[in-house]
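Here subunit A shows up in two complexes: once beside subunit B, once beside subunit C.
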Partner chain A sequence: MSENIQFSPWLDSSQKPYIQIQNVTKRFGEFTAIDNLTLDIYKNEFFSLLGPSGCGKTTLLRMLAGFEKITHGKILLDGEDISEIPPHLRPINMMFQSYALFPHMTVEKNIAFGLKQDNLPSNEIDQRVEEMLELVELTDFANRKPNQLSGGQSQRVALARSLAKRPKLLLLDEPLGALDKRLREQTQFELMDIQEKLEVTFVIVTHDQEEAMTVSSRIGVMDSGNLVQVATPAEIYEAPINKDVADFIGDVNILKGIYKGQNKVGTQLFSEDSNSIVYATQDVGASVEDEMWFAIRPEKLEISKVAPSDDHNILKGTIEDIAYGGSFSTYHVKLDNGRILKAIRANRERTKEHHLTWDDEVYLQWAPHSAVVLLS
Partner chain B sequence: MKRFGSFNIFSLIVGFSFLYIPIILLILFSFNESRLVTVWGGFSTKWYGELMQNQGIKDAAWVTIKVAFVSSTIATILGTIAGLVMTRFGNFKGRTLFSGMIYAPMVMPEVIIGLSTLLMFVALAIDRGIFTVTLAHITFSMCYVAVVVQSRMSSYDDSLTEAALDLGCTPFRTFILITLPIILPAVISGWLLSFTLSLDDLVIASFTSGPGSTTLPMKIYSMVRLGVTPEINAVSTILVGVVTLGVITASLIGRRQKQQVLKTQHT
Partner chain C sequence: MQTNPNFFKSIFNGRNAVIAIPYIWLLLLFLLPFIYVLKISFAETIYARPPYSPLLIWGDSWLPSIKASFDNYLFLFSDSLYIKAYLSSLKIAFISTILTLIIGYSIAYSVARAPTRWRGILLMLVILPFWTSFLIRVYAWIGILKTEGLLNLALMSIGIIEKPLMIMNTDLAVYIGIIYSYLPFMILPLYANLEKMDMSLLEAAADLGCRPFKSFWTVTVPLSIPGIMAGCFLVFIPVMGEFVIPDLLGGSETLMIGKVLWTEFFYNRDWPVASAVAILLLAILIVPIMLYQRSQEKAIS
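Entry: the complex of A and B
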């Protein structure tokens, strides 16, 4: 997809969505798992459904696969209503969280299973299995049984099996949840490569926000059965729609502000924490004295022992705690009113040389365009 | 692990003696030369040879094997279905009643089962014979299969079934290709269990059999009433052997399966 550097079909109104989830509701008895949810996903997207456990993301995925019946609404795939089609007739494959490898079959037989159901000629099956084994680099393991594989190998067999039928849409339920951190990061890149190489649309469910940020074209943040925000990882991170999203994705300092109007610098908010006016460049439609919040990511807070020359957006405090992370350090700064803010500083010089240590009086400053004003 | 104390060893010996001395005596005396059952007259296998000449015992054995084979096979099919339903379909309406009704024959006195099936056959005017004994055996051995299959299904990962469906396999083929092979050890041990249960049943068979369908336990019982002969010891020894073999095989299969489950959970 090298010619398509700016991959954003959702901004192009001439593009037709590949999956259309239209006003879908799912109830389990009294409990509403999905509440009137509408979502369009485009071809070749790597779409993540992200949310805390119990938010309905897995239920939505299972409805796409056909394992859960939709209570209201419908799901279209390439313009065709698939709501009533049973799972074994849908041109969609899924990779399960537990991998669900058939324990009584070898790796090879597991991968061939789906192809055999389509009654393909055996030489074609062999060829495709071979291709898949190469893709996931497990050619030497073709004759192993699932219980002779490591976690990472099982994960790749599960992936190969779900890709063998060349589905147009692949659903992945927490695909990397069972892997350790290093392997997970490596596998994330493999997943992205495979997705680009095979031009498959991926819909992935995860509760790991870092994973979602790394792999996705877009993220749908879910909470109690509905989508809170659907946007690119950068938009979600830089311009979250509300406090919950800001808080769920990455670390953030959320401060309260009272709206005082606009001036040439931008939006003026009175902050109780700094006991002064702070500025944000973002325009907000609000009336004077409205209560709102502004969110600043820790890495966007400048921390220094020297008072900054200009006096915009400054908070004063003392260093309460330092978490040394090697490439960066996280400082917990206690404001005079007792609130603790987090600031991250890249360790560009060795720590010995910048002399920031416990109980130091420091200034925190941020640029007006770095803060996000949140109305709710 | 705690060493065996002398009291523990004593209890063990007393307990096992209580259980097994009668059986061991029976086996020993089946190799007795003497016609008198309680007097040892030297080792011999002549009663086994005699047995082969006894048409009555041979007929009864043949009936028993036929009944056990057919009834355990059908009971396995029905019991497997029942076991699957109980784990697969969660909390459907009337689940408690259904499972209670499946387990009931395990605790119901055999006399009651025998009597009630007899009454039913009489009411329906069905001639008693091999057919009725087989039916009655299916009824009471089905629940054992259901229990074994259900306990296996409780550790079965449902996403295996879903994965097969997802890959385009029809629900029926999924059962044949995925579910059944995985639970097969449980199904086989269920079959062995019901086979042995049918083999050594006396009470229910006595109620439901008719002329020409005397089973081996019934035959032995009627022979004993005329006095114990070494021949009876011989046939009983064979029966003990077959049943022991069945039970041991069933438990070995069960143990292997448990180890496999543990192994897959660890990886």
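Entry: the complex of A and C
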């Protein structure tokens, strides 16, 4: 695992990107689906394209597979321009959202389909199919037809089929969308294991931010045909580039602040919600009286009935709602001005002492380094 | 268990009444006429009205005596005309089904892959001929195919041929007429099948390295087998008994069982033999009809 932590070829300038998407634009008539997008993806990455529906992530994936023609720009794979290569000649395979298993073929034949197109000798095909069936643990289902499989099994057949040709690059379009939560979480880990074992570069499209956070080496957050931010899951979560990204990834409280300059604690912002100065350690290049925002994740807000000893970064309110989540509880705290903030507290003790309940007057406090200042 | 006092009420409920409609329909319009034809096929020709002997003869005893003979069926096998006519019908039906499939598949495929807004119009054009009487459409082919017909005039005026083609009154004219008339029956089930095909399957095939032409044969065609079966049977079964097209477009040597049946019935006024011909035709068709039913059941499950 320690290797994994250090896996960050995008920081190493000597590394050559494996996929280079260069100034790619895609228009459908008047509609611009992808707008002059540039992105480098490195070998063995597990790269997620994340964004709301209609943001262009699937179009980008389909351009990598070759199903959509690029309007402007080009895509390089391992230094070679593949923009004009038709899908059946690209060394890229895709796992479809609908799985697209051939209903008239058995599991085995589905997996062998791609290998047959390469005219491999039949004993080699059999051996590869066997390997793939073992990899996805479906050996016993080799002779089933797709309509005799469960959703999870179909998903694994689709994965096996797309990996059978040992592609340089595997594209996954919402691969886990049709699975229930438990199976989805389990499969996420299986995907990561397989990706590591086979050393394939994965590009995955998802609208599920939790999924993207779990599996990815990096995430590209997209919105209306543009990449808004490309960074590791932790960077995206802890240092989002703007309000939209902060809001899209995880839960967040976004508060308005007026820039009042720097002091030794850090950036000083006047918050209307607390009617006082709040502090953030982050440096921002701005001029006094500029309007900006600061974002605080719910788990970084301390919630307490007792007034904190120090007096900065404090908001006061009453508990409006409690969502009990077992391991943690989410408190909806209504400030005096009517705004509702979310705070999460781990339920570390089973006893109900110091229990927070509805209509309790509470203090919310956060450390200066816990808030992210956002300029837009 | 107690006898349900509302026994009749429970039988004549709304659900059963609805289910009964097709049964009553088939009983009145298929089974009864069929039994009647079957009965006549066992009779003898007599000069009377109706021109066949009765099956049941009410004599002195309280039970009628049955007078049935297989002579009519034996007659069909004794005269080679009938066997030849059956075989010729099978051949014509088979060849025209294959040709209709080839033409119909390409039309259905291009309609199903046309832009959505065009599909309705194209499909309409396929169905449009039904608005004219079948008989008139077959008659129109006489005007096209005859020696001084439209086709010959056109071909001669542009200089492709010097003397007119003799198409009229040949088997070729029969094939043209059959293919033209039955094409919609092939196109519609094929279109219904091809149109609902999941296009991502073709993308998956391409993604796995399959050329478009090959993916047509390995993915599209196998998946359209239910449509192919439906279309082929919808053409093959009626063409087997076709009478109008061979009568109007075919020549004297075009032998089809439908024509023989017509001759027996209207020219020879031999109802019993005509009925035997019809029953035997049905017996021959039962095999493809059952195959059709099986394929439909498979398609549903």
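One rule holds for everything that comes next: the second predicted complex is superposed on the first by the 370 of 376 C-alpha atoms of A that agree within 3 Å, B and C clash if a C-alpha of one lies under 4 Å from a C-alpha of the other, contacts with A are read in each partner's own complex, and residues count from 1 in each chain.
Here is the rule we go by: a residue touches a chain if its C-beta (ideal position, glycine included) is under 8 Å from a C-beta of that chain, and two chains touch if they have at least 3 such contacts.
Computed from a prediction, not measured in an experiment: that's the story for all the values here.
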Clash or fit (per the criteria above) of subunit B with subunit C on subunit A: clash
First (subunit B), second (subunit C), both or neither touched by A:118: both
Which superposed partner A:61 touches (first subunit B, second subunit C, both, neither): neither
Comparing the two partners subunit B and subunit C, which touches a greater set of residues in subunit A: B
Touched partner set for A:295, first subunit B, second subunit C, both or neither: neither
Contacts of A:149 with subunit B and subunit C, given as first, second, both or neither: first
Which superposed partner A:335 touches (first subunit B, second subunit C, both, neither): neither
First (subunit B), second (subunit C), both or neither touched by A:100: both
First (subunit B), second (subunit C), both or neither touched by A:165: both
On subunit A, the residue positions that both subunit B and subunit C contact, one per complex: 65-67, 86-89, 92-94, 96, 98, 100, 102-104, 113-114, 117-118, 161-162, 165
Residues of subunit C defined as touching subunit A within the complex: 198, 200-201, 203-212, 214, 218-219, 222-223
Partner subunit C, residues of subunit A touching it in the complex: 65-67, 86-89, 92-94, 96, 98, 100-104, 113-114, 117-118, 161-162, 165
Residues of subunit B defined as touching subunit A within the complex: 157, 159-160, 162-171, 173-174, 178, 181-182, 260, 263-264, 267
Of all residues in subunit A, those that touch subunit B in their complex: 65-67, 86-89, 92-94, 96-98, 100, 102-104, 113-114, 117-118, 146-147, 149-151, 154, 161-162, 165
